[in-house]
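Each structure below is given as structure tokens.
Heads up, the next two complexes both have chain A, just with different partners, chain B and then chain C.
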Partner chain A sequence: MKNESAQMNTIEGVSAAVLMMITLFFVTQSSIITPQTEMVLDTQLKQLGNDALRVLDSEEITNNYTTNNTMLEMYVANWSADDLDSDLDMLLTDNIMYNLDFVHLETDLNMNRSRVITSGAPVENSVVVSRLVSLHSDDDVSTRWNLTIAPTDVKVVDVRLTLWYI
Partner chain B sequence: MISIGMIVLSLLLHQAMMSGYQSSQAVLNFPKEDIRELVRETEREVKTAADQANRAGVTANLNKTISNYSSSIRLLYANHGQFVNISVRDITLDASNNISTVNVSITFVDGVTTYKYDPMVTRC
Partner chain C sequence: MDFLTGITIFLVTFIAVALFIPGMFTPFESETVDLNSIAYRTSVILVEDPGRWNNTTIGGSDWERNVTTRANLKRIGLAIDKDNPNVLHLNKIKFFNNDSFMNNSEVIYNLSLYRRIGTTNVTYGYNISIVELGDGTIIAERGEIISSTSGDVVSMKRTVLAQTGYYAYLDGENLTQEDPVANTKPWINVTGSQDEDVVFEITNFNVTNPASTKYQWIKLNNSAFTNYNLTTGTEYNVWKKTNTTDFVLSPPVTSPINRTDTLKFVINRTLFFAGNNTLEMNFGGIDFKGGDPLEYTDSLLPIYELARLTVRVWS
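Presenting the complex of A and B:
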């Protein structure tokens, strides 16, 4: 009788230890394999970038009453890097850094990428958002574009914003 | 009992974390903004091209402008690894022979998502 009780106690002890080990394994595993926070941050950063470009390209928010061009269209056409930088700085929080490029096709269909705003070298987890802007023959296009636009032609510029957290 | 409870809780926690991870990844992977931007810019471009064609009195100019726009957009999106095609389906004229409605077909493919907007009716 005495021996049977000791046996039961040993089995119970071993089972409890195994159960605790399994629990510990599940708990540690679930917190290690989920790099979820990083993904959420990337999604949020992408959303913030898209929102900033959307606000600048909104037809409701324009400081030009003579044409229907949005602020982004005017900044791109006039190559106003400083104005664009100042507005983006206002729309994005201080812990976000960004670079901005204008990507467009040359007449020989080569892709031309011009860095317009440089804040530094993007880190590994940076995200890229973009917005299209079309330039027409009747737009007041800066000479920096070095473009001749025919009446039936259109120059599409891909405004690419690269963002990362500091 | 406490250990079993902890296992169940840790499994639930794991499930919640994984669903958060997967939904974040789905948001990042789905090209929602690319498609929205393509449709918005195309609609804007059709209106501008129709306005220019009406002012010049040459309806065919709209087809030329949209064809040039489509070529540029195709190459720019190809640079992102995406295929895009935009074409004019038909044009409706009003009593003064001005363009009143343009039907455009938009196709977007990025290898995973295929999106087709046909016809996109634009009133000019």
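Presenting the complex of A and C:
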């Protein structure tokens, strides 16, 4: 009897240890540990992307007198990929790469996505920011858009910027 | 003996687990989280908010015009208004950058750059700068210089349009000259002393003799100068833009001048004094209509420069 009780002590110790290790194993496996710095980098990247599109889409950047359209509206209407590329290159920091798409709804309600600027394949932690731009019939719309806009109509284009750090 | 073995295994595992647990939460350490969110919050307040002032009766976001007692300044925001985030107002930037308007500790408390431990406030180190994207000109900088003792510094970068001044946009057809003395000499009036350089652009020239179009000189008349011929380089500069080129710094004579060309004049602010400051230019081959001089301050538009606002915070 005495011996069995002593063995129980050992078994209890071992089982308690196993229980703790299993609990710890499950805790570490189940919780998603995202390093804080990575989340901050994502926020920073998203913020710079949003700022770039927002600045290009502000009335103030055209210095008020030449046109009523913003730079972004003109670039989208004219399909000026090179101008847009050089502006984004200046607005974003040197360690950022980006792709840019124009996304719009065709008359047959198909989603049309056109790659306008390609810098390469986005990496795993890329972020996407976007801004809606309206094209009007009196805008200087490029033939590349292949669409006619009725005077009472507007065409909404989603400008999508995919950014990642290199 | 068995009991001793059991308790030993238990204790060894228990201690190992206890030591492992703090390491598990390293990525979520509160210090890093605090600083990053503080940098982010500060950048959002500065870039996206126009700020707020109020006294006992009224208030608004135009604090740069109304704050005589700093106690009335509730929030430092630099945006021109709430509908235009990322577009920063000239005078708001100036007041923010002015040490005598608000000192370091007022900036710290207005932007909540501190944490409360017990009954004392422990302030964070900070550095906020607005730098032009093109040439790296520093538009504003507040806070301390980052040193090797600053420890971990976290930063948040924002892209903004910062207003750096005003300019007048003048139509050559509307510009007047002192009839009937000369028809190639337009004049404009600048009232009062100036805080910023006087900048104006002229376009849509009424070219009457294309072969002899030229710009010759600019003269100033005010309480200090009489018919004073301004010197290029030190007192003023002229840039010329054509249909095919952007503004290029031009020597005093920029020939030829086409109708659609634009000339930009930038004149040193120290030349202007209280009362009337009349500027008279002389062209050739271009006519201007007769009349009283146009008032520069009536046709001002803001100048915006692309800039990077960086907030750096450390504990």
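Basically, the second predicted complex is superposed on the first by the 128 of 166 C-alpha atoms of A that agree within 3 Å, B and C clash if a C-alpha of one lies under 4 Å from a C-alpha of the other, contacts with A are read in each partner's own complex, and residues count from 1 in each chain.
Following the convention adopted for this analysis, contacts are C-beta pairs under 8 Å (C-beta built on N, C-alpha and C of every residue); 3 or more make two chains touch, one makes a residue touch a chain.
As the structure is a prediction and not an experimental result, all values here were calculated from the model.
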item	value
Which superposed partner A:134 touches (first chain B, second chain C, both, neither)	first
Partner chain(s) touched by A:154 [first = chain B, second = chain C, both, neither]	first
Which of chain B and chain C A:60 touches, first, second, both or neither	second
Touching partner for A:91 - first (chain B), second (chain C), both, neither	second
Partner chain in contact with A:43 - chain B first, chain C second, else both or neither	both
Touching partner for A:9 - first (chain B), second (chain C), both, neither	second
Partner chain in contact with A:52 - chain B first, chain C second, else both or neither	second
Partner chain in contact with A:22 - chain B first, chain C second, else both or neither	first
Which of chain B and chain C A:146 touches, first, second, both or neither	neither
Footprint overlap on chain A, comparing chain B with chain C	16, 20, 27, 31, 34-36, 40, 43
Chain B residues touching chain A - in the complex, by the definition given at the top	3-4, 6-7, 10-11, 13-14, 17-18, 20-21, 24-25, 27-28, 33, 37-38, 41, 44-45, 48-49, 52, 56, 61, 64-65, 68-69, 72-73, 75-76, 79-80
Interface residues, chain A side, partner chain C - complex	6-7, 9-14, 16-17, 20-21, 24, 27-28, 31, 33-37, 40, 43-44, 47-48, 51-52, 54-55, 58, 60-61, 63-65, 90-93
Residues of chain A defined as touching chain B within the complex	16, 19-20, 22-23, 26-27, 29-31, 34-36, 39-40, 42-43, 46, 50, 103-105, 109, 111, 129-132, 134, 136, 138, 151-156, 158
Partner chain A, residues of chain C touching it in the complex	1-3, 5-10, 12-14, 17, 20, 24, 27-29, 32-33, 36, 40, 43, 47, 80, 84-87, 133-134, 154, 156-161, 163, 169, 301-304, 306
